[in-house]
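These are the structures, in structure tokens.
In the two complexes below, chain A is the common chain; its partner is chain B in one and chain C in the other.
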Partner chain A sequence: MRDTLTPQARVQTGVPRTTRRRPPGGPIALLMLAPFLIAYLLFFVFPIGRAVQLSLTQSSLTATGPFVGLANYVQLVGDSDFWASVLHTGTFALYTVIPVTLLGLLMALAVNRLVRARNFAQALFFLPFVLPVSVVTLLWQWILNSSFGLVHALTGTEVAWFGEPGTAMPTVAFVTVWWTVGFNMLLFLAGLQNVSKEVYEAAELDGAVGWKSFRFITWPLLWPVTTLVLTLQLISSLKIFSQVYILTGGGPFNSTRVVLEYMYDTAFQNLDAGYASAIAVAFFLIILLVSLVQAALLRGRS
Partner chain B sequence: MTHASTARPGNRTWGAIATGATLLLGVLWAFPLLWAVLTALKTEEQAVAQPLQWLPTTPTFTAFRDVLTVGNLPRWFLNSALTSLAITLATVALAALAAYAFSQLQFRGKNILFWVFLAGIMVPFEALLIPLFRLMNDLGTVNTYAGIILPQIVSPVAVYVFKGFFDQVPKEIREAAVVDGANEWRILWNVFVPLSGTVLWAIGIVTFIAAWNNFLWPFIITTSPEMMTIPLGLTQVQDAYGLRFARTMATAVLGGLPVVLAYLIFQRRVTEGFLTVTGVKG
Partner chain C sequence: MTRLTRLLTLGALMSGAALAQQPTKITFWNFLGGGDGARMKTLIDGYNDSQKKYQVQQTVLAWGVPFYTKVRTSTSVGQAPDLISFHLSRISGWAPENLLRPITTQELASAGLKQADFFPKLWQAANYQGKTYAVPLDTHPMILYYNKDIAGKAGLLDASGKLKPINSVADFTAAMKAVKDKTGAYGLAIENGPNSYMGWRMWVSMVAQQGGQIVKDNKVVAGEAGKKALTDMVNWFKAGYIQKNPDYPTSVAQFTTGKAAFMINGVWEVPTMVDGTKTKKLPFAYGVAPLPKFYGNQQNVWGDSHGFAIPNNAKNPIPADHVAGALDFIAYVQKNGVTWGQGGHIPAYLPVANSAQYNALKPNADYAKASASNVTYDPPGWYSGAAGPLEAIAAKYLPAAFAGQLSVDKALSMFENEANKLMAGRPKP
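Here is the complex of A and B:
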């Protein structure tokens, strides 16, 4: 453990200070970093490079094929199936991002004014969020079952919610909102608790109550949380896969096939890993672009 | 809260109505969970009875017994428990070690390396599925616990949160330990780990819930029913049981039970965990 020696100790043990000016702690730091660093390089950095490399080849899922340059990307630009999947992903984001943000805010405002039943109400809204995706999908497949489900029993409707092009995506979006909104409520609740009572009391003396108090105090002070929620939400919407895959499999007639589902189908069904890697790289670029644009827009507002 | 203290008499009525409405909406929101439990306690005939029967006339655990004795559910529980625990322990250990180095030690290239790690947060895991599958395939880990676990133990966010916490520990504490002759491993284990109880729990619980609920990676890396985890296995049961709704809901209830219990028991820690990891609370 000589590397942890203090400078005084180094002098005593005769290690000349001038030979190396390496800061103390170097080797021990490397040892401590090594496990994470190795895992990071192996399971993160290496796959990034590999995804780019594969996207320039004509490869199967397990064997690397010939280098084809940008051919996959050229094909991607003219691929109407790809653009349809981008559109479906965008549609899903449109159906979810704003509702899940607004609803989360409303829930937080409602729960925040409770005193005794507060933890109870918070748990009711938050519980769906901790469930695995497949529990959520089983629940809603049962409730929306067109012959025996709860919605059928209560309303008499026989709509196959996940099986018709007009209703499939909105229904997947609805299920997602139910599942995830509790998380946003939690973030907004934390934001509301950071607003001090004195601010409201001072504002009340100036006549700011009810809507005015919300509009001029709560809303501006919650803006940082709102931007966080919007950012997290938009990115997670673009990464949509599991719910769609389980509930509709991308159908009916590919009407809900999102980008990741298209990538999955291409790689693991058609076994075309080269082209699927081009989709993966495009997917990453879309996420990067959207987060940069969003960051710029949100910074402009605040 | 604030408003209640200064409320006029008329506001009290409105307050009661708003409270009632909030609770009613909350119950409605959570009702699908209750509906699953109620269905699971029915017989198959009762579950599909027309007109609808809200409550099971004679609650029965037949559906639960059936799904626990026939099929792979117990095995999926074991798989999920083992892999989630391993992922949680490895993630916390790797991140704590790396964060200590970044926070307390001086070494060349520290800042650049830290920013490289942070940049990793930008790359979505989903974009790496194909190369990761190929890598795990080349390593011979498809359909193994190692295959499920290894790609899930890299968490730059956990390093970031740990480092943020370690940075706030007063310098004197480490200096005192150094003077006492403790080496870095000992300082980390005997001083920093005990100090970081809250953040340790926060990262641990969030990692565990995420690992238990992860669908996409186990979906890619497992093909045999015996190696599936709970979220993945549950997607198989509907095909297996066909129109057995009570059984299907019994599997759903059992599949969600561990995380629901974890939440109800550790509500405060779960809440703090998610807030800490998203950076809303430090």
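Here is the complex of A and C:
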């Protein structure tokens, strides 16, 4: 609106000439942003505020109870079940973040070399990612069933993959990697296709082929994609819930109970919404912190 | 007749017809899947066809925590349905929270129902502090299924082809040993993977058979009886009579494909056997018996009951005509309880439970009377009952003991710790 007042208005108010170059702002931008802003406030900021508020009360699932200050957080600090669940979440991230990134890269490199079958291979590797979590988990429950499953039929093993404390978490991680690796492959493929052919040709003239070409050309040029993949993957691994909920329910005896599973059990099974909110808020802060640290570390590398 | 009057007459006729055809809609949420779901649908369709005043519309939701969470939250915001299915084992948790609308004797009477028509034990389970919060529909205890071919080879049948009596842990152990030695099959198929409930139900039965108690004053008190029951079960796994870790569908498949001589499961698997025999998919003759006496003379068996309840929708109270419709439907289901009984459940409604038609049902007659009179519910309390947190905690540790991942003492102490923590820390809004 201010622009319509110029030039007289500018002269009259003595606004420096440089402000003329500012994009038309204020009310119009606000008007256009409004729908998103409202949705953001309503469905993101408000629930977070409510969660923080609830975490300071002693509440059941459906009724807000009395204010208890930081009691829930004090309890949380001394709650070994909570710290165990943080540890399990970390273990899951450890089992998935690097493998899914590395495998995605390897698959992208392999697919990129194909000429005729490239689209086919790409589709094949990407396919699992399209499936909803319920289908993925059901599929692997059948494949790994210790009495009637495919693996049992082929090898005769009676290992209950989701039922032993030693194998449950690695198996959940394996299923997750199988399910999500295709997406990372696509990101890497896009990155690979952005590297111009001339760079490789120039490097080849200087004698950089095979490993050397990868080490000095591909890898550095893919680094921005790699940091993106690592960051996305770390956040999504920390938010692990549905696979654990369906495949192990946090068992056997809590050995795969991740933070969000603990939060779910507390809120929806034990009906303790106040404490569950405290878990949620604390975990929100943990994820925020870890993401910031990771971003700082990765930025240093580039 | 002018055009106008003709139009008006037509309009009046149509709206009159529309009014006459507009039945009151009774919304009904339930968690009844599989065969139970099919039978409930038959009953609903039958009811809707039998009269014009009401129309019951059902929504089937996932069993367990998701169902109860949804009912709880929708009740608190005033969006609950008129009628829900409900486990009577949860009355003691839900009634004090005012989540269910009490049903008065007069309301019941106007639908033609009265207390004397129900098994006293079930009526008691549907009541809390003198008020009726649900109408019982059935009892569904665990029973013992057996494969007559395997049992015959192992010498466990009498001359008439029925299972010889099993009256102690030793008897049952010997029977499973005979099966293993003579046929190589598993003795027993029972769900026992992580987070499975059948171990808890078995434990509840076996503790009760010793005259023991599991919870008292919000504390676990199972003690020696609990330890003895769990040790006896774990020994069966150690001896290899039961496969470790199968989940629910696997355990049923083990039995129905003839890989195990016995199965301990709820009566709700009866239709699987009946239908399997009818379609010749079951490769053997089967029999059923009440859960054996493992200790002394008591024949307690874990069981639960389905019932109907009306959510206490405080922000949007249910209108009187919907209450009348819901109760009218409940009365219809009770009177046609034989259909429900075909699902293996024992009807709560005495006129049906005692009727010749129900008692002619096979194999229900082989277990119904004994099981119904010995049924033991989960311990009462807000934390207890079907899909309640106490059961969920037990489902973490008992299966771990069966699988040999935890010793009996360790599993029980971990169960006690988590259960006591839960029961002590009740949120009080």
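The rule we apply is simple: the second predicted complex is superposed on the first by the 264 of 302 C-alpha atoms of A that agree within 3 Å, B and C clash if a C-alpha of one lies under 4 Å from a C-alpha of the other, contacts with A are read in each partner's own complex, and residues count from 1 in each chain.
Keep this in mind: a contact is a pair of C-beta atoms (placed from the backbone, for glycine too) under 8 Å apart; a residue touches a chain by one contact, two chains touch by 3 or more.
On a predicted model such as this, the values are computed, not experimentally measured, just so you know.
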Which partner, chain B or chain C, touches more chain A residues: B
First, second, both or neither for A:160, with chain B first and chain C second: second
Which of chain B and chain C A:186 touches, first, second, both or neither: first
Which superposed partner A:73 touches (first chain B, second chain C, both, neither): neither
Partner chain(s) touched by A:148 [first = chain B, second = chain C, both, neither]: both
Which superposed partner A:51 touches (first chain B, second chain C, both, neither): first
Chain B versus chain C as contact partner of A:61, first or second or both or neither: both
Which of chain B and chain C A:273 touches, first, second, both or neither: both
Which of chain B and chain C A:214 touches, first, second, both or neither: neither
Contacts of A:30 with chain B and chain C, given as first, second, both or neither: first
Overlapping contact positions on chain A, where the chain C interface meets the chain B interface: 61-62, 145, 148, 268, 273
Contacting residues of chain C [partner chain A, same complex]: 65, 69, 72-73, 75-76, 193-195, 243-247, 250, 253-254, 383, 388-389, 392, 396-397, 399-400, 403, 405-406, 411, 414, 422, 425, 427-429
Of all residues in chain A, those that touch chain C in their complex: 58-66, 145-148, 158, 160, 162-165, 168, 248-254, 265, 268-275
For the chain B and chain A complex, residues of the former touching the latter: 1-4, 6, 15, 18-19, 21-23, 25-27, 29-30, 32-33, 35-36, 39, 47-48, 50-52, 93-95, 97-98, 100-102, 105-108, 110, 113, 117, 120, 122-124, 126-135, 137, 150-151, 153-154, 156, 159, 178, 183-184, 188, 209, 212-213, 215-216, 219-220, 230-232, 234-235, 237-238, 243, 245, 248-249, 251-252, 255-256, 259-260, 262-264, 267, 270-271, 274-275, 278-281
Interfacial residue positions of chain A with respect to chain B in the complex: 1, 4, 6, 22-26, 28-30, 32-33, 35-37, 39-40, 42-44, 46-48, 50-51, 54, 61-62, 110-115, 117, 119-121, 123-128, 130-135, 137-143, 145, 148, 150, 153-154, 178, 183, 186-187, 190-191, 197, 200-201, 204, 225, 228, 232, 235, 239, 241-242, 246, 260, 263-264, 267-268, 273, 276-277, 280-281, 283-284, 287-288, 291
